[in-house]
Amino acid sequence: MKKILVINGPNLNMLGAREPEIYGHQTIADIEKLCQKAGKELGFSIDFRQSNAEAEMINWIQESGKFSALIVNAAAYTHTSVAIYDALLAVKIPVVEVHLSNIFRREEFRHHSYVSRAAKGVICGFGADSYLLALKGLKELLDA
Amino acid sequence: MKKILVINGPNLNMLGAREPEIYGHQTIADIEKLCQKAGKELGFSIDFRQSNAEAEMINWIQESGKFSALIVNAAAYTHTSVAIYDALLAVKIPVVEVHLSNIFRREEFRHHSYVSRAAKGVICGFGADSYLLALKGLKELLDA
Amino acid sequence: MKKILVINGPNLNMLGAREPEIYGHQTIADIEKLCQKAGKELGFSIDFRQSNAEAEMINWIQESGKFSALIVNAAAYTHTSVAIYDALLAVKIPVVEVHLSNIFRREEFRHHSYVSRAAKGVICGFGADSYLLALKGLKELLDA
Amino acid sequence: MKKILVINGPNLNMLGAREPEIYGHQTIADIEKLCQKAGKELGFSIDFRQSNAEAEMINWIQESGKFSALIVNAAAYTHTSVAIYDALLAVKIPVVEVHLSNIFRREEFRHHSYVSRAAKGVICGFGADSYLLALKGLKELLDA
Amino acid sequence: MKKILVINGPNLNMLGAREPEIYGHQTIADIEKLCQKAGKELGFSIDFRQSNAEAEMINWIQESGKFSALIVNAAAYTHTSVAIYDALLAVKIPVVEVHLSNIFRREEFRHHSYVSRAAKGVICGFGADSYLLALKGLKELLDA
Amino acid sequence: MKKILVINGPNLNMLGAREPEIYGHQTIADIEKLCQKAGKELGFSIDFRQSNAEAEMINWIQESGKFSALIVNAAAYTHTSVAIYDALLAVKIPVVEVHLSNIFRREEFRHHSYVSRAAKGVICGFGADSYLLALKGLKELLDA
Amino acid sequence: MKKILVINGPNLNMLGAREPEIYGHQTIADIEKLCQKAGKELGFSIDFRQSNAEAEMINWIQESGKFSALIVNAAAYTHTSVAIYDALLAVKIPVVEVHLSNIFRREEFRHHSYVSRAAKGVICGFGADSYLLALKGLKELLDA
Amino acid sequence: MKKILVINGPNLNMLGAREPEIYGHQTIADIEKLCQKAGKELGFSIDFRQSNAEAEMINWIQESGKFSALIVNAAAYTHTSVAIYDALLAVKIPVVEVHLSNIFRREEFRHHSYVSRAAKGVICGFGADSYLLALKGLKELLDA
Amino acid sequence: MKKILVINGPNLNMLGAREPEIYGHQTIADIEKLCQKAGKELGFSIDFRQSNAEAEMINWIQESGKFSALIVNAAAYTHTSVAIYDALLAVKIPVVEVHLSNIFRREEFRHHSYVSRAAKGVICGFGADSYLLALKGLKELLDA
Amino acid sequence: MKKILVINGPNLNMLGAREPEIYGHQTIADIEKLCQKAGKELGFSIDFRQSNAEAEMINWIQESGKFSALIVNAAAYTHTSVAIYDALLAVKIPVVEVHLSNIFRREEFRHHSYVSRAAKGVICGFGADSYLLALKGLKELLDA
Amino acid sequence: MKKILVINGPNLNMLGAREPEIYGHQTIADIEKLCQKAGKELGFSIDFRQSNAEAEMINWIQESGKFSALIVNAAAYTHTSVAIYDALLAVKIPVVEVHLSNIFRREEFRHHSYVSRAAKGVICGFGADSYLLALKGLKELLDA
Amino acid sequence: MKKILVINGPNLNMLGAREPEIYGHQTIADIEKLCQKAGKELGFSIDFRQSNAEAEMINWIQESGKFSALIVNAAAYTHTSVAIYDALLAVKIPVVEVHLSNIFRREEFRHHSYVSRAAKGVICGFGADSYLLALKGLKELLDA
């Protein structure tokens, strides 16, 4: 059974409460449940984490050697963290970048992503489904 | 059975022959076949088109009223066509933007997309799977 | 009786349906009717055309030799088409640029116009009346 | 009888003498006469003013409550005056921006207008006729 | 009893009427009353002025020698007036910049202030209370 | 008794020692004492914290639900942290941004603040008094 | 006998009539004649085409497989067409970019060329001779 | 006897008191005296004026027809006033721009001058001698 | 014996594994050994640390009072951390910035360093020898 | 027999040794030979020079009066030398700019040329043939 | 008798022949004669030099210790030479920058001067009189 | 014995006299002595040169084939010389860039270096020790 690490960045623990008109009413726990369920169907074991700390996210990326792939929603650090980018560069497994909202319809400073430079693919704007599509995309990728 | 219109822009008719190190070896016909197959499984009827002409693409978008959703890979026009953007703004059905390659790892001028401003979601970097993920994303979206 | 060519660009065939809060509820046919009526009063024969195709617009501009003046609403091509600008540069009759909306109160990328560089005058923001004012302006200009 | 306030900005009192290759040979008095004549035909009472002082223009805009509409040729202040823009924002009657010349064919710094951001419509490039077209545009607007 | 000069810039005489969703419903007279009241409590004599004219504001700043401090809400001139900045540079008493609204949440061109470069401190976003906080801040400053 | 959370960012624990010509000779403990004293007079219970860690600041902001208002001196993170901005966006209580120094008279990169975009008001340049003025501003705001 | 495809872009069908002070008095037919004559001397069979339509130019480039080389004067599309650039990237035969005028002495927006990024070499400023030099350059290149 | 108009802009009435380390200890009256003295020697009648008001400066420029030349130290308006630039454009007599300080060694925003675009020559950095050199330069110019 | 603190930033714990074509095959432990050896020869006691956390690096900088000098390889934070810059500004001992790679031959965003603004000197591109040269440079500096 | 001066700039004396993957294996002497041979065929006497010194190149340009035309490969000075541009401006004979490589496919800073602003035409990307095409272009030009 | 060194930069040896509509018909020898004559009247011994070589100009500036002042017309190097700027920074005698033409009315790239940053004053636009005014300005300066 | 060429650029011959607060009191001869001494210890024969002429520096770089390494302090040419960059690109021996001062703490235009793009490593800010560290760095590099 392949293991997938899902890393969520700052303020995603506030989902549901935080600006629901942008991020929807699902909590991060709801999203994890959906991922676990989809993971089971796809034959993936999902390790789902969230942190507000850039360094903890870097640690998780550095220690991702035992996983088959990485799904990263770096939230605000997407746009500012060269350190996460550097951590991802050292990772040899495929990385998929996801966002709940379509970041290209929001403030200008959210249009640039350091994560994209290190990712295999990018999926955004589908709400929680962005994660599920990422899992499905990885299914194809890892089977190929 | 819901109908999905898939619009492909300039030079995508050259897939397989054109820069395979970026776009892979599948032809546009191969991708259509994959979409038709996935469409059947998801209960979608797929209308799959390609054009090198901006105006033809605009016409197709304008006449998309009978479809339930739109998948758009505008290729080079992604980055330059305000006219396609305007056409998409007038569309009331959901639009998903797809790209075969991860456009954010390519030339600077490919990082900006007019299509993104009018799309529900964006999927890029998964090769032909970008289309299949778009179909799956629309399945969830249209069922919800 | 002087002949005036009115050229409308992409997506203007969708008027009435497209974003009515910006463009109003009149269709392109409504606007043509208003222009024909005003033309009659001013002693102008109006040739009123619309195209989504940049090349067709260029062809029309190139063949405008038999007209006394040109009214151009290039819509989205206003902001991107050097080719239409070049076609207008070769035209010896007066050109008036019109827009239904006030393009300077919209997205930043709509503030720049290649058409303005080749036009005698610019009228925008008056809805369908922008065309009628252009006709009146040309009346004065051609009589002078 | 509806009252229209026409406000002219700095150096327009020099018309006729100042750079006639750009602004023509008509004086500001000539333009006023044309406006008064056109006003009479359209059923407008015209109050036509000129000032070199930004503050006086702001005062006039602030006191425009008794007018049905405002025509503003802010001349050089068009490009630099946030204060006139703010004054116009507080005005509830329609504002039409006019210019004698086509400002988009002149120096780069004349391409940006603070007035446009607060105006219903913009007319430029028709010489004195820019004012007459503005009056005609307002006639339609106020009758509607 | 220390004397404080409060200088208000263009369009602030329209407060209450002008865009109340941004500036609130208080008039400039209301704000003066609040300042006078607070001044009494703090032991300040307040000279409260408003002008739409950049030059008058410069004159007042130049003649502020008999005051202990200056509170400046330069309104639109905040963003454009090097001349007011130069006048403030020549002033030896402390200057506090105030704004009713939080200028950093408004249009981009309101984010830059020439006044800030010459001010001891800046207070914005508290409505009329911005002035009262400025008075309290000066109380501490002048007592120290 | 209303509770106010005061959050101080990186290097503010070094106050007094760090560049006293910019930040003055008061320590962070001195400033807390002044705040506690002012809080008592205003009927506020003050919770005063400092951290060098972006993530800890985000945690505090996320957990600020039991407070009536937030005072934030994000120090260096003011200019770089989209993550703190996102955390503040999710907060429903009023936020006041403070700085000891006038950030607009310092290096160019200190002129932009992500915090300002999420704050009710901004106060800077009054040294420790910036905090006291923020408390007074909140007093008025919360009483209204 | 080697076959060379010469592709001319928008408005080049107007040569002779269009701005002769920039483009000279030769028509596109004159230029073709010169190319055919030079082609004969160099042992080339010349296929000489002109189109105002970006899509038609793309089609021609895509179908250039039977030619030994490509000469492209993309005119206005030189500066705006990523789609033509993409089409050229897929071409395996040498591409020479030509312009009648020296584009670097004209408007700023004509200084950038997407075609140059995909071309072997660039020749501009020699009027119709630009084409003849391109043929001669290709002669050497193809013989080598 | 030729008449020269010398126009001084905002805050120059504060010379001597204002930032003497930049502008020196001479007052504007001192400078006028030096100019009058030099004028006598050169056979010029000097009309020396100062205003803080942009509009008054424009008026003076507009009425300069009876003078043989204009010396302008527009001070802060140098960098911001398109209106003064426009007024100078309408002037047919030679204009010399002067500054007491070397504006190119000061803040970035003082490096650009609208006055320079309309001036025959520019002299800066010589303190009061900038004016005397301007008079001498005009002497040569007018005699030639 | 003088004490030197060597601070290494994010992802440097991955050296040897991470992009060896850029950073070489030495681990961070290898580099520490080289530093300890060189330190002994130079009479320095070396305290060698690494952290992925910006805040921990700030803490270390703040507590560097007992050291004679600081060597900082801030890695990715070099380019983004104003907070580390502020911490360094408060340090009174000499700071030397080092990098393994020549950052000026890498991506554009790695060309700017906040650390350089606070450093005595900069050494980059020598691999592990960058550290040894820094120690030698400090030897001279501290002996002088 | 017409005389042509060919001026080569810095580092072109290193051709063959320097980055042969960009500039090819021909030496500057090889290129001169080719030019001399072509010159003979075209009826030109060729004076072929190379210098690493900007001033020497300027001298040669200044003294080019006895030549019928100038071919300039300014190499690195192409992008930086206003002085060479000024020298070329004073030249009355036609100037052709050549480059061995296609400068538009290289680093960004090589895309701008001061020489182009003063040249009749530009030829680049053909290796040594760029020179021969320039000679042929001049043949036509001088015969016309 | 005080000695003044006058340094003229590239292409000024071509004066009279070079673009007389900008630079006039006087040769550099004519200007030297005027300077020598004026020098005699002012009690200056003038050493007047011209060079096309940046390095020679730097040498002259470095060796200017025996002069009382320096007049520099660096021509094209004005806009590009940091090296001349650095040489001037090391000079302790006053430097006056002169230009024949008003550089601010010419191409954008001529508006920036490295020389201005190191000069006491700047004089431009007076033709050869720029030099004479510089001498007169230095007379005052050195006598003071 | 390995030979090292040390190339010093413009104005470095003025060291000691020129801005000692930035560059220190050592002369270029002092620095050469230090280098010769260090060279002896390291087993290097040092050829130490200085020139104010860009072309002479290029010549030296071109002729550096007999050396084992190059140390370059290009001074002002660091920031402007593409020609020196091109010369360095053709060099096959290691290049170390040095500067006496920390160029990143000086004017903005000194932050960019063309030399860095061609150098193995960069050392700046250590005064004369920058050279000695470069020698030591080369010792390691050449021994490896």
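First chain written, first letter: the chains are A, B, C, D, E, F, G, H, I, J, K and L, and each begins at residue 1.
Here is the rule we use: a residue touches a chain if its C-beta (ideal position, glycine included) is under 8 Å from a C-beta of that chain, and two chains touch if they have at least 3 such contacts.
As the structure is a prediction and not an experimental result, all values here were calculated from the model.
Interface comparison, A-F versus I-L: the higher number of contacting C-beta pairs is recorded for I-L.
Between chain A and chain C, the centres computed from C-alpha atoms are 48 Å apart. Measuring from the averaged C-alpha position of chain G to that of chain I gives a distance of 55 Å. In chain C, the residues touching two or more other chains are 53-55, 80. Pairwise, the chains that touch each other are A-B, A-F, A-I, B-C, B-G, C-D, C-G, D-E, D-H, E-F, E-H, F-I, G-J, H-K, I-L, J-K, J-L, K-L. Across the interface of their complex, chain A is touched by residues 53-55, 58-59, 62, 80-83, 85-87, 89-90 of chain F. In the complex of the two chains, the chain J residues touching chain L come out as 9-11, 13-14, 17-19, 51-56, 75-77, 79-80, 109-110.
Within the complex, the chain L residues that touch chain I are 102, 104-105, 111-113, 116-117, 119-126, 129-130, 132-133, 136-137, 140-141.
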